[in-house]
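Here the structure comes first, spelled out in structure tokens, and everything after it is commentary.
We call the chains A, B, C and D, going by the order they appear; numbering starts again at 1 in every chain.
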Amino acid sequence: MMNDSFVHLISLGTIIVSMLIFGTFLLLSFNIKTWLEDWGHSLTMAVYLEDDISLTNKDHIAAFLKSVPSAKIKRFISKDDAYRDLKIALGPHSDILEGLPNNPLPASFEVILDIHEANIDGFKKFQKKLESYKGIEEVQFSEDWSRRFEGMMNVVRYIGFTIGGCFCLCVLFIITNTIKLTLYSRSKEIEIMKLVGATDYFIRVPILIEGLIQGCLGGLLAILALYCGYLLLVTKKISFLSLAVLEFQFLPYEYWLSIFVISVILGLIGSMIAVGRFVNL
Amino acid sequence: MIQLFHINKNFGGKPAILDLNLKIRAGEFVFVTGPSGAGKTTLLRLIFGSDIPDSGQILINGINLSRINRSKLTFLRRKIGFIFQDFRLLPKKTVFDNVALALEVVGERANNIKKSTRQTLKLVGLAEKEKAFPLQLSGGEQQRVAIARAIVKKPLILLADEPTGNLDPILTQDIMVLFRSIHLKGTTVVIATHNQELMNNTALRKIPLQKGNIIDC
Amino acid sequence: MMNDSFVHLISLGTIIVSMLIFGTFLLLSFNIKTWLEDWGHSLTMAVYLEDDISLTNKDHIAAFLKSVPSAKIKRFISKDDAYRDLKIALGPHSDILEGLPNNPLPASFEVILDIHEANIDGFKKFQKKLESYKGIEEVQFSEDWSRRFEGMMNVVRYIGFTIGGCFCLCVLFIITNTIKLTLYSRSKEIEIMKLVGATDYFIRVPILIEGLIQGCLGGLLAILALYCGYLLLVTKKISFLSLAVLEFQFLPYEYWLSIFVISVILGLIGSMIAVGRFVNL
Amino acid sequence: MIQLFHINKNFGGKPAILDLNLKIRAGEFVFVTGPSGAGKTTLLRLIFGSDIPDSGQILINGINLSRINRSKLTFLRRKIGFIFQDFRLLPKKTVFDNVALALEVVGERANNIKKSTRQTLKLVGLAEKEKAFPLQLSGGEQQRVAIARAIVKKPLILLADEPTGNLDPILTQDIMVLFRSIHLKGTTVVIATHNQELMNNTALRKIPLQKGNIIDC
């Protein structure tokens, strides 16, 4: 009857919305994590070239750098560029440069290294290989962020996990309560069925199946809604604000699959908890 | 066979059943009578196991109700048909489904369920209302659905609580005939009622309750 | 009766949890916003001192800088410090410094300016005032981030508002639905009251008051829970991870007051929407 | 005065009331009789305005039910007491509060509410049960609460739908006496019932319904 579908729609809606909130949290924290990691895991490397390097050697080096997937040439700094940069950096004290006979600064490639997967050993090897190229004066890494960064990432991860866990509990609470309320409005029926001789099993199974179906449907629709919201947000962002500093990604499939699985589990656990209240008593 | 030994049942300190001893033989047909609040419904609920006595023992076909667990009780109940004073129909199921439920819970085959349900609805004069919902029925029609649900499973014991309170005299006689025919097939029938007409012209045993106990008349 | 308080507890719980989710979102986004703003809105200023500055004058300058609320002395860089810093910065090319007669670099205060409220004019005045002090060679600002930063902040703010708005809607949806379910379990009673001659007003007012009370209570308890969660998180963070890179703040009072107000409004609107369904029909 | 002109009411194509013309004078005492499903409850609901006829006009004290809005109907209902066949008590309110509700909705003063409610509960023999909840009452006790709620506000019109279906013969007579005394104070009383005893020894008008219309007997 109509009244029953009203109750079903409400609990389905609650599951969708709850999972949507959870998914939004996941989406945001995933992107923030990605941004932080990209920033923290990129190491700047300066490859200083000898003054008398031949064009061919320079091209060789550039080609080699380009061939390494985790390395990206940010820019080439010529001797003159380096001189100008230093002059700007020294500011009002640039007069100290005037005491120098000629430009002592070497040209260099500024390279950004993605250290997501690589380890220290890998970089040492990489450095050795680079230094074997002709025309390279020195290879230098910028200050090592990774240690300081690790600490911060731990904080972020810790906060993320704690809050994500709390969100999960909150969503479970909301879903369970909604199912409890739907069952409460049916508790008289459940009682009558028991009076007529229905076993717990006979009453429980349809309710659990209902919870399962609602969990499935809710999860699917929540992911769909999340994706639509994401598309809308990204599209609007691009059209409204020409400046897109950060790339906003959708969740990779492990994540949204886990939203689905969590939704199914919550639907099932929710109805299990709720049904316990009304069937056992 | 239904046996009650020294049954007491209090609600908030006031006795609803007071030291009641009673024996109803298998296949007997008895009336439980008495004024409003005498304890008729409470007595039937005790026999059905949906109320638990404060003290005393109840045996149903030799099974002691205070000694069996919930799932055994469920299986015992399947052999008892209870016509509730307030009907207790499922508002979101049709008349057919309400009656069929009594067979579904015992895992009857779908074919049999359909046949038996239709037959029983015809017996109580509701063949045409099988697709209606309880709230779309008149009071007397609802009562007959409750009767149909109790008898469709051919129970060993039929407990009927004021089963004709909403029925006109002619229907009352029809239902009485129905109960007699069920009784003739071996069912123990216990009817709680005020209705004098129901008891007219019968030599059946009457159990007159007053303030939770049997009075000698 | 017990059953009624069960239903009330559930809808109160749902309001608390929903507002808790909303509050958590606020708390996180507030902190992220603060971090970003602190980073983006802080301008580094170098106050270079003359070589022959007197200690009194230096103290005067330090005292003045300390007296300005939006300025914070990050560190004092002595002439030697500056030389060492430059040497490190030049790395393998530090030999260029050896050609210099003596240390040409001046001592300086590194000052962080908070440009939250101030505008360019304010800073120009500040600079003029500073330069009027004796013993100051020059005042210099670091690269101006604010323009690039503005773009990013717009993105962040845009995402924050959109998602915050969606969260609000989701929470409204959940609360309304919960109240709908609680009223649904009472719809028979409402019908009976109308049959006995109760006006809509007679039925509505207690339900609205109930919604109001639940909104108030729910908001208060959610804020309390949020604060407890915050304390727990912060305490744990400090004890677990000695490295606290980011300062995690609780919401300022305008924020949690707004959580309370939103909760009250949602409780009221929720019951108004829900009651419409059952009283009018 | 209650007047019905050519009333028709169908449920799913089947007529529950069929071209019914009826006039009940102010201060009259009438019985509506007829077999189960004859349309007695439907007739009372139409008079009460909780069902709307498919065609025809109903006038209550000269007011045309099809011409008034919802809030006017509410005010009209306050002058009508309805004893529902299925009681319709509020399960979460006590007996006292259930009865008092009928006075609270009209904004009666708290003092008067208390006095009138107590008095009425005494009349139906439930003075001791005022703190109980409906589900803690026997069937007959619930029915008497429903009666008390309908008469506590001293209605101009009393519509009683099978008001004694769960009462024993003695209580039935008591309630009948109660209705007669209310009638003597000027209330129009319409009772739908199967109960022959109720109508014995009275020369009051009987309206015999069958299949939604009045039959001539």
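FYI, a residue touches a chain if its C-beta (ideal position, glycine included) is under 8 Å from a C-beta of that chain, and two chains touch if they have at least 3 such contacts.
These numbers come from a predicted model, not from an experiment.
Asks: Just grab the chain with the largest centre-to-centre distance to chain A, centres being mean Cα coordinates.
Replies: Result for max centroid distance from chain A is chain D.
Asks: Could you grab the centroid distance between chain A and chain C? Build each centroid from C-alpha atoms only and quote it in angstrom.
Replies: Taking the mean C-alpha position of each chain, the two centres sit 22 Å apart.
Asks: So, what's the distance in Å between the C-alpha centres of chain D and chain B?
Replies: Here the centre of chain D sits 29 Å away from the centre of chain B.
Asks: Please work out the Cα centroid separation of chain A and chain B, and write it as a whole number of Å.
Replies: The answer is 64 Å.
Asks: Counting only Cα atoms for the centres, state how far chain A is from chain D in Å.
Replies: Inter-chain centre distance comes to 68 Å.
Asks: Can you pull out the residues of chain C that are in contact with at least two other chains?
Replies: Touching at least two other chains: 3.
Asks: Which residues belonging to chain B are in contact with no fewer than two other chains?
Replies: Within chain B, no residue touches at least two other chains.
Asks: Chains as vertices, touching pairs as edges: which of line, ring, star, complete or other describes this one?
Replies: Chain contacts: single closed ring, each chain with exactly two partners.
Asks: Could you list each pair of chains that touch one another?
Replies: Going through each pair of chains, those in contact are A-B, A-C, B-D, C-D.
Asks: Which of the residues in chain A end up touching chain B in this complex?
Replies: 1, 3-4, 189, 192-200, 202
Asks: Applying the document's contact rule, which stretches of chain D touch chain C when the two form their complex?
Replies: Touching chain C from chain D are residues 48, 50, 71, 74-75, 77-78, 82, 84, 88-92, 101-102, 105-106, 133, 149.
Asks: Which residues of chain D touch chain B in their complex?
Replies: 11-12, 34-37, 40-41, 85-86, 136, 138-141, 144, 161-162, 165-171, 194, 196-197
Asks: Would you pull the chain A residues touching chain C in the complex into a rising list?
Replies: Residue list for chain A touching chain C: 3, 6-7, 10, 13-14, 17-18, 20-21, 24-25, 28, 32, 46, 48, 86, 89-93, 95-97, 99-101, 104-106, 137-138, 140, 148, 151-152, 154-155, 158-159, 162-163, 166-167, 170, 173-174, 177-178, 180-182, 184-185, 229, 233, 236-237, 240-241, 243-246, 248.
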